[in-house]
Structure formats: C-alpha cells, structure tokens
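Consider the two complexes below, in which chain A is the common component and chain B and chain C are the respective partners.
And now, the complex of A and B:
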C-alpha cells in the first residue's frame, strides 16, 4: 500500500512536468550542461539537420559508418529528405523512432539514441539507436560462486540481453515469454519476467508482475534488492526466492513451472516460488548417476543439520548433561577441557566469532591474500588458541567441521542463513541445555511452516505432505521416476517428458 | 457439502490423522501404565483395547452430529438448544478444552523439573513455552496442523524405537496368566484408560477446517487406531519389563524403560526424550488452546488475538500457582471425572438428541 501511494504521487509529478515543458528545446538546454553531450549540424548549412547525442552512450563506429558517412562523404541529395519521416530510407539502422514527445526523446537519449532534427527548434524528431550497451561490461561468463565439476560452466552476465539469449539457447521454443518492466525512478532499470507459456501457472506470473510493478525505489543495482522488495515476509532470515547465477538452474526452474526475474546489470537471476529443499539442490545432482546424486544431496542435508546444531549440542552436553557422555569418551573430553578456564558458552562464542571473522575477512580480501589468510586463520590461530588453553581441541574440531559443513550449501544466501541460525541456538542451549535446543527447533519449525514463497508454502513437499513430489527432494530419483513437474507449482501441464516404458518382461532370473 | 470457510484456511482430510494422534498422545503416554494396572493388573492391555473400541464409536457419533450440522459444536449448541442453554453448554466446552490444555502444560513442566532441571523455576519454563504456543496459535489453523505433523513424525521416529531396548531384560511370564481379573476390574481400568484418549473431542472444533470433512472420517479412525496401537505396544513392553510391584512405585514408567537405551556416543537418553517430547506437547496444547479461543470467539465475539493473549496470561499465572504435585493430581482427578461424563454421557446424548430433532424437523 505504502509503495502504491508513493507511486501515484510520483506519476502526478511527472505529468505536471510534461504539461509545462513540452518543448524539446528545454530538454536540450538541460542536457547541454553535461560535457559529454554533443550537438552539431550534419551538413554545412547551419541550423539544418542537427544531430544530438551523449558521446559516452553511443557507439562511435556506428555513428561514423551509418550516419556521418551518409551525409558527408558522398554528395548528398537534400531533396530526398523532405520530411523527417524520410530518414528511415536513408539511414540503414533498424531502430529509428519518429516522435514529437519530449519524454520519449529524453528517455531514449539516455539509453544511447541520437536525436536528429530537420531544423533547429523542430518538435518532430527522429531517434536513432546507436547505443553501445556492451561497453564496460564483463565478457567472461564463467560460473564463479556456484561452481560445479560436472556440467556446463555458463553463468549469467550483467548484460540482460545476453542473459535472455542464454536462456533462449536452451529453451528453444516460442513459449518462453519475456515481459519487461522498468523499475527505479533514477536508474530506470530494465527488469524482465520470464516464464514458459502453457506451463507456468498464471497466478505466479501475475503475483510476480504485480509485486514488481508496485516497487518504488531510486536505483536498482541487483536482483537481490528486488528480491527483498517482493518477498512475502521480510521478517525472516530465510531467502524466500532463489537467486542463482547458473543458466542451467534457471532453465530447470522455468521448465518446472517457476517464474524467473532478470534485471539489467545483475548477473543473478531470481526464481520462484521456491521451497526450502530447492536451496540444497545442486545442478550437479542431475549430471551424476541418481544414486550418487541422492547420496551427495543427503550428505548436504545432514551437513547443514550438523552445521546448525553442532556447537549448540556441545554446549548443552558439556554444560548441563555431562551424564550423557559415556565413560570412555569422558576421559578424552575432560582432558581436552581440563585447562580451559571459561564456561563452554564463552569458548564456543570465541571460536565461532573467529571463524566468522575469517570468513568475512576472506571475502573482502583479494584472492591471493585471502588464501594465505585462510591458512593463517585455520592453522595458526586454531592451534595457538588450543595451546593457550582458550578453547578445547574437541570444540575446535566441531567448529571447524560445522563451518566446513555450511559451505556445502549450493546457494550462498542460504549458507548465510545457516551461519546466522547457529547463534540463537547457541543462546538457547546455553540457557536451557537440551530442552533449549528443542525449543529452538520448535521455533524454527513453526517459523518455516508459517513462511510462504509467492503464496506457496515454503516447506512443501513435506508439509503440506505431497508424496508424489518427494521423488525429487531429499532424494534425486532416476529420470524414469521424475517425468512429472512438481504438483505444488500448479503447472498447467504436468508431464515434462514421457519415459520409455521398457517393461521388464522377465519376472524371474535368467535361467 | 460446501465449506463455510475460505479455502485458504482449510487443511486436507489426510491431516486429521496427525491432528487426532497428537491430540490423544500427549502427556499420558509417559505415565498411563500405573493408572490402568491399579485395578486390572497385567490384564490391563485388554482395557486398552476396550476403551479404544468405545472411543471409535464416539468418533463415529461426533462425525454424525457434525455431518448433520456441517459446522462446529458451538453452532450445534446454539442451533439446537437456543441461546441460553446452548450458551451454557458452550461455556462449558470452552473451559473443558482450556483446562485440559492447562493440565498437559503443567504436567509437562513438572516432568521437566523432575527429570531435567530440578532447580528450574516454573515461571521461566512456562514463559518460554507460552511464547512458543502463542507463535503457533497466532499462525492459524494451518500452522497448528503443520506443528501436529512435525510434532508426531519427529518424536515418533526418534523416541518410539527407544522403547524396544528394554526388551533385552524382558520377562514374558509377567503377562501370564491372562484373564485372571474380573470384568468389573477390567472395566474400571478401562475408565482409567479413557483419560489417555481425552483430547480427540477437539474434533468438535476443527471439523469445519477440514477439506472434504466427510472423507476425513477414515483418517480419524486410522489415527485413533494408530494411537491405541502405540499405547498397547508401550504397555506390553512395560508389562514385560517391570514387575507389578515395581511398576506401582514408578511414576513415569515409559521414561524409565526408555532410559535403558545406550549408544556408543550417548548414554542417559532420557535427557533427549524429555526434550524432544516437547515437540509432541506443543501441538497438543496448541490445538486445545486454539479450540478454546475459537469457541470464545464464536460465543462472545472477541478477537482471537486478544482472547489468546488473555488465556496465555491466565495459564502463566495458574501454572505458577499450582506448586505441589498433589494439587496437580487433584485437578487431574477432578477433570478426568468430568471428562468421563462428557465423553460417555454427553456425546451419546447429543447424538440421540440431534438425530431425533433432525428426524422431527424433516
């Protein structure tokens, strides 16, 4: 509601501006203040055929080849050009717009169009596309943050047209629909909502479009900002939509009936509605044989559980429930803690803080320094703090393992969430021991059950329980078992492909 | 059969299974063995079966009653008994659910204090638990059902297998001779067993929240069957593990028999058991409190958010006032008497009354 009201007000402001200054000259008066704005007549005759553009936004080569050459080099017959509309016949560029609308001229000028006027003060102008939108953008599109060993290594780029091109390469059908909206009052960013017609439920597309259109913000840097605006619930550490830089992941999501949102200038694409298990699925699972894929997926799920609960269980057991430790283990545990003067909570918080510090520092530092830092942090600080009796050996192992385990999550946003979740559990465990951990678990379960992503429950297919969708959740079943799209996405057609029915004729062993 | 509520708030009929299970198996499963063996000795497993059968019949009756009205019991009371008598019944229903929740809540706190933290103050644990309950109930019925789902699956997977470790020391002769108690003894033990099933009446309140309620009856019966099987298995394990004299001295036999389990990494699993048991207790309390608050809303039209808050504050106060075990026991006894009459007299009465009325008006 808040956003909507502001939007309406903004529109009114804009209208007021257009009514006052229809004049294209006023536009020129404004843009001339910038040093990179150029305006000059194309012919010798001054005040005739004036071209104006931002020097920094247009492609110089195109300008010379397609426009200057035409008017300057060959003897130019002026009589061929009587009206401005005739310009289309002379200049060999496909995107030429003739308009007398000042606002359109302004927005196109900023997108890298050149304005051509027949005479000075002419209201009717031609807008010629000369933009150079690849300049300054990254060319390399290797996957960097969601790396996989097997499978394609293609990621998205900052250039939205290239991203759509990458999608169209694999979803080679006219059903792939891209809907464009402009968001950001200053940046005027192109945002594209992609879905596959005939598969994706209209409801998801509409919700996504509606929420995107309601956004009122000045500059959109990245899709992760959009993500925060369109989430169902912002009071949660969990990402409710899935951000990814991998092309195969987005293709998979679209094929299953999800919606993808691309934004110009962002190499991350968000897909939704997503469920919690989506964040633990790596595309690599689908490239490995299903048994291995399922095994690694299970390892991922368990490592996440360990990463969340490892240190809090340590605190609970050492502080309150030492009766639970068997005799044989007790000796080695108490030996390692013998000279540590702190209560387990402080010990854990100290070590967890160190690990978080290393991580945060490792991300900010340049790659080469970062590696050294990892070694210094991991080995030197760890060993030294044990020798200085600040922490116990056992805890060092647990903290290091749980840090390692949290890296197995394929999606970075989710691994951040897991990093965060540890701390409330440490808090509960230090107050109420094992009961505290279960209280934390209960909070977590209730919270997850309450969450929704674009109106779809976040914990589906577990709750609401959908046994038919379980084939590709914790376990990645073989391709012959997963020919259907997940039901909870309410796709318009349920079959993805039809597996060959090579029925086993033999019901007995070979004789 | 069109539902009265928005589709968004409904749960599918399959979840009635979990709702019934978590509502029945709450606090009782840890301690019911002693109560039922008081009269019938080690023939008490027969009374588990008998009371289970009777509850099946009652569930069938509830479905008939609500099927005719296609609404909850508050509406039934208002519609068939008029504003005043119906209102009186409704107030009774509100207290019936809330006090049941209170008993479960207070007994669980007691278990925590006995088994986990003897020095823990009641107000600390009750405060955090009530915050949890508020978080669940304020999420609406779908969230409560979700909690029932997780709260029956996780404890079942982790806790139920622990019972079997005590079979190592089983003495199967404890069960013999069979049938050496009189019918009267077995019936009175069945009456004691009834209190363990109390809670299934919340069906009276959540019936309108089920998608295709007429198809859910199957799941209600399966849920009931499942929980009575659970009672039966645990009782049988207890009977072969404990001698009768020893069982009479044990307040929480199920916990004691689970204690036997030992793993290379963990000993003394009762700490885990009591903690994880919370996941079962939470939905159990929440459904009843939700039922109470929903009834309050329908009777005097107070927002559930407000009534829930008031109820939880009252819970907090009463849980702290009830200090002694004897007080809790007395409340428990009083309540089980009321529950007995409510379940075995009132439900059949309502069933007959509504059927007759229905026939006449037709």
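And now, the complex of A and C:
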C-alpha cells in the first residue's frame, strides 16, 4: 500500500515535466546528444526537407531505396511537394503519419520512424516507418525448454509479430482478437492480449486487460515479469498463470477459452486462468493414444508427489519410525547409515544442497561444460560422499531419484516450485516425523485450495469438485469423450467439436 | 497471516514438548527375538539382536539377564547395551515350558498395550528352555529368521494362521483356547514340532505336527501343505503323500441347548504326489478305493483330535465359539463343564482331482 501511493505521485511528476515542452525543436535538442542520431537535408538546399532519425533503429536499405533515391537520383520537382501532407504521394511507404504532436513524434522516433520536416523549426512533421525490428533478434524458433518427441517443435520468438503470425496460422479465424497495450514507462513495450471472440469469457479478458493496464513499471524484459505483477496472490510459490514457449500449448489454451498474453522481446507467452493440473499436462499427451497419454500423465503426477515427499519421508522414517521399515530392508538401511556421523536431517540437507548446486551451476554453464559438470557432480561427488561416509547410499538414490522426478514436470516454473516445496517438508519431518509431514501436507492443501488464478479457483476440478471437467485432468480421456470446453473457464460456447457416433462395427457374420 | 504465524509458533512450542524423542535407526538397539524362562524362582531373559556393521554381513548377538520378575528384564538388558534397546522390531517372543505353565498372560497383555510392537509378532513355546533355542539360533546369520520360520510354515506348512493379534483374539474370546507353535531342538537345529495348547495363557499340553495339520484344516482350512498317511490293503502296507490339499470345513450346530452336538463337514481336494508302487493310479477302481480309505482315515483323525482336546479340556478348534454363535443363553462356565461330553459327528468328502507326479 505504502509503495503504491508513492508510485502514483512519481507518475504525476513525470507527466508535469513532459507537458511543459511541446515543440519539436526541444525534442531535437535532446536527441542530438546521442551520437547515433542523424539529421540532414535531403536536397542540396540547406534548411529544407530535413530528415532526422536514429541511425541504429532504421533499416539503412529502406532509407536509401525509398527516400534517398526519390529525392536525389532523378531531378526532383520541388513543386510536387507543397505541403508536408503531400509526402504520402511521393514516398512508397505504407505507414506515414503526419502530426504536430511532439509526444507522438518522440515515441515514433524511438520505434524506428524517421522524422521529415519541410523546413527547419516546422512543427508539422511526417513520420515515416523505416524500422528494422528484426535486427538483433533470434530467428531460430525451435522449442528449447519444453521439448517433446512427438508433435510440432515450433516455439515462440522474441519478435511479437512473428508470434502473432504463428498463432494466426493455426487459429485461422477472424475471431482471434488481439488487443495491444504499451507497458513500461522507459521500455514502452508492446504487450498483446489475445483471445477468441465468442469463446473466451469477457470477464477473463477484462480482468487481464485491466490488470495489465494498471501496471506501472520502467522496463518490461519478459512476460514472466508481467506474470508477477498480475498474479492474484504473490505470497505463493506456485505459478498462477502458465508460461509456455510452445505454440501448440497456447493454441490449445485459446481454443479452450483462456486468454494469452504476449510481450515484445519475450519468447514466453502466459495463458490464464490456469489450474494446477495444467502444469502437469504436456502437449505430447494429446499426440499419443489416450491410454498412453493418461499413463504418462499419471507417472508425471506420481513422480511429482515422490519428488516432494521422498526425502522428507526418509527423514521421518529413519529418525522416528524405524518400526515402519520392512524386516528385509532394515539391514541394508541400518548398514548404509552405520558409519554416517550426522543425523538424517543434516545428511539430507547436505545432499539436497549439493543437487541444487549442480542444477544451478548446470543452468549457468554453457552446454558443453554442463555435461562434464553433470558427470563430475553426479557421479564423482555422489560416489565420493558415500565413500567418505558423509551420506548413506540409500539416501543418495532417493535424492537423485527425486531430482530426476522433478524434471518430469513440463513447465519449468512448476518444477522450480517443486524444488522449493521439499525444504519446508524436510524441516517439518525433522522436528515432528510423520506427524510433521501430515502437518506440512495440511498446510500445502489449505494453501492450494485458497489460491485463485484470474479469479477462478486454482484446484478446480478437484476442489470445487467438477466431475464433468475430470475427463481431461489426471486422465487424458479419448477425444470422443472430451468434445466440451472445461466448465470452470465459463466459455461462451461449450462445444469444441461434435464427435461422430461411430456405427457399431459389424462382425464377419453380418456381411 | 498473523494467524498462520501464531499456529506455526504454537505448534512448535506445544508439540515439541510431546516427547517425540528421536530414535534414529542406527542409534537404537533393536531386538528381534526375546525369550523368557523361569528357573529356581527367577525369571531369565534372553534377547537376540542383530548388528549391521558390515555390508551384507549380519551378526546375531545375545543379551542375557535374570531378575525376580519379568517386568524389569528389558531395563536390565538396557544397562548392558551401547544403544537404547527398542522393541519396535521385536517379532518373536519365546517362552520356556516352565514359564508357560505358570502363565504368559502378563507378558502378552503388556505387549498388546505397547504401540511400538507390532501385532503380527509371532509367539512360541520352547520344549525345555527358551535359552537353549535362542542360543542355538545365534549361528544363523540371517536376521528375523525365527519368525520367518513360523510364517513360512503357516504359509506352506502345517501350522494354522497365528500371530499376537490372533492370540489375543482367542485369549479374550469366550469359546476358543489359544495355540502356539511348539519348538524343539532337533540335532542342534530349531524345529517346529507341532502346536502347544494353552488355556487362559497357561500351557496345557502339545500335539504333534500331523495333528496340527488336522487342526489347521479344522480352523482355517488349508491351501497347500503335505500330508503322509499309511495305508493297509489286502495285508499290504503302503504310504501315500498328499499335496496341495485344499480343504474346507463347515460346522453345523445341530442342538445348542442342553448337551450341544456339532456336525463337522470336511471337504478335501488333494493331489497324490507320491504313492507306493503297488497302487495303480491309472485305474479308476483303485482311486475310488483310495478315496474310501482316505475318507475313513480323516474321519478317524479328526475324531481322535477332538477327543484328545476334550481329554485335555481345551478347545483349540473353537467349538464353543460355534455353539455361542447359535445360542441365546450362552453360559461359558456351563459350556466348559459339559465340553468333555460334547458330541461331534464328522463327515468327510475326499476328492482326488489329480494324481499328478512330482514337479
């Protein structure tokens, strides 16, 4: 609250300053301080037809072909250009804006437009689009972090127009509406809210738009920043909106009636409102037969549970509940702990910390070094710490398995959450044993059921219970069973498609 | 948020006083078998504990102690141990015959109240002293082998299903007496030699392994197990080994008032595994003959077992329970008085679906 008030005051100060200096000359005086700003007359006559632009923002080729050629090569008849408005007839560029607004001129100049003046100190100018928005951006759009074996490998790029193009390729209807807002007082980033008209509930679109418009921040680097600003609850480790780099995922979300937010310069698109199950769904589930898809989805859910509870159950059992250990296992467990000098908690924290270090280091290092690190970390450190009896080898297996299990989550943000959730549970298990784990689970469930994503419950369809939407949650049912959009999204039209009622297969006798 | 914080801090403060003390797996001394003997008015305790110092090499070691009553046997052992003795993995308790004659009720009821010990623990009666038996099992480098031995014999041998839980069930229920495995030393090895019959936690007598198989079929039926019978026909003697006996027993209480009479219907499906060579198992006539012989044999065995139990005045089969289930005026004391005169009729149906050979 305190911060909000201060922000609003700051904002007012800024506006007051900008409104004082209206004219173009002041703008030029300011931008001339930069070395990449260029200003020169197009013709021999000085002080006439002055073009000004940022050298680094415009496309040099276009500048030469479309503007310099027109004015310099052939003898140019000046009388064709009486007013600045006539420039549209001469220059073959689609986006030319005539304005005398200093603010518009400034923002366009920064987006790669060139300013053309008839005479020096003219207030009415033409803004000509020469921007070179592809320069410096990645062009390879392979999926890098949400890889799948089956299905398309197309991901999003930093270029927002290409991203929209990718969406339009698949949602080939005029109902795909894109709404643009500019966010960031310094970066002035283009942010696009996409939804499908006639499907997506107005409420979600309005909530998303309103929350995005309310953002006051200087530079928007990525959608994950926007994500943090517009979340319903920032006091949670769970991601409440789903960030993805896969095109098919966003298309699927839009088709179901969710809203997508794209931001210029970010290859990640956030979709919402999302539920906790969305984070364990991989697009690959839909490309495999439903039995296999469901099976792998179940494996993913169980591996997440194992990843969260594996080490804490180890602590609870080894420290407090040795009665639970089966007779046959008792010997090997007791033996592996025999020469370890630490209590189980320290042992676990040591090993978990090592794994987290490996992960963190693996992310920062270049891929070629990363492999070596994996071998050094995984095999050498693991084996050596068992040899040096710093940890027991059973624990090494459990920790390695739970680290492996946490990688099965398709969304990276969720796997981070799972990494984090282990530690409070380890803490609970170490002070209260099995009771502690139950207390931890209780806290977790209470927290989860209270979460909301764009105002819809996060744990739907389990709580509140929506049996109809269970068809595509933990189990990926066959396509004939999932023709409807999920109810909790309140879509305007409920049917996605109409499955044929297949005729009964005739047996050989009938023919 | 404040509430959440208050809850966490209050849990930490109040629950940490609840005496959840750490019992880290390698900082406790588990004992896997415990024996009680009574000698010269004193109680002797013997416990086997495993040590897991080397990989894959388990050594069993022994604590012995004596006291004037059983209650402080464990604390006295604790004084000898490097780590606190824990009974959480205790799964075999053996009583010497002398001890069992005076009653094992105290020990059993206290184990049943202890939440650390499992109710699937096995109990047993030793022929002489528990010490002999446990001492000789020390050389086996296999932890928990005594209870495994009993479990294995329940699963595939001639012992009826039993453990602490079932013992307590029989102990507290009116109309059934307790049974425990009876262990002897046979050529220096521990052998299960039938069942000990107990009444109110006191040892009465024991029966051999053959009889215990009959008892098993009467109590919970059997699915496997092997049974040897001697057969005489036309003055020729021979043996038959039956296997995969699938038996089912139904009890019908024909009269529950006055002197009850119970009809026992025994259905046995058995394969013949081995037979003396003069049987021609390919002939249907011989099979029919064999069935008749087996029918009579089993009828005789069941009758003799029941009269034996009646002679000892113990009821391991639970005939009293069957009568209780059908009578409105149940009086346990009266039933115990008339139990030796209880009438039973036995019908047996033997089926031989298979005369298969040895696998």
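Rule of thumb we're sticking to: the second predicted complex is superposed on the first by the 485 of 511 C-alpha atoms of A that agree within 3 Å, B and C clash if a C-alpha of one lies under 4 Å from a C-alpha of the other, contacts with A are read in each partner's own complex, and residues count from 1 in each chain.
To be clear about the criterion, a residue touches a chain if its C-beta (ideal position, glycine included) is under 8 Å from a C-beta of that chain, and two chains touch if they have at least 3 such contacts.
All values derive from a computational prediction rather than experimental measurement.
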Problem - chain B versus chain C as contact partner of A:329, first or second or both or neither - result: first
Practice task
Quick one: classify A:338 as touching chain B (first), chain C (second), both or neither.
Solution key: second
Practice task
Quick one: classify A:40 as touching chain B (first), chain C (second), both or neither.
Solution key: neither
Handout entry: Contacts of A:459 with chain B and chain C, given as first, second, both or neither
Key = first
Exercise for the section: Could you say whether A:318 touches chain B, chain C, both of them, or neither, answering first, second, both or neither? Expected result: second
Practice task
Based on the superposed arrangement, let me know which partner A:438 touches: chain B (first), chain C (second), both, or neither?
Solution key: first
Practice task
Return the residues of chain A at which the contacts from chain B and from chain C coincide.
Solution key: 320, 323, 325, 432-433, 435, 439
Fill in the blank from the handout: Touching chain A in the complex, chain C uses residues 1, 11-12, 15-16, 20, 22-26, 28, 30, 50, 52-56, 58, 86, 88-89, 91, 116, 118, 143-144, 148
Fill in the blank from the handout: The answer for chain A against chain C in the complex is residues 235, 318-320, 322-323, 325, 327, 330-331, 333-335, 337-338, 340, 343-344, 431-433, 435, 439
Handout entry: Of chain B, residues touching chain A in the complex
Key = 11-12, 14, 112, 116-117, 125, 128-129, 132, 135-136, 139, 142-143, 146-147, 149-150, 262, 264-269, 271-272, 274-276, 278-279, 282
Practice task
Write out the stretch or stretches of chain A touching chain B in their complex.
Solution key: 320-321, 323-326, 329, 432-435, 437-439, 441-443, 445-447, 449-450, 459, 463-465
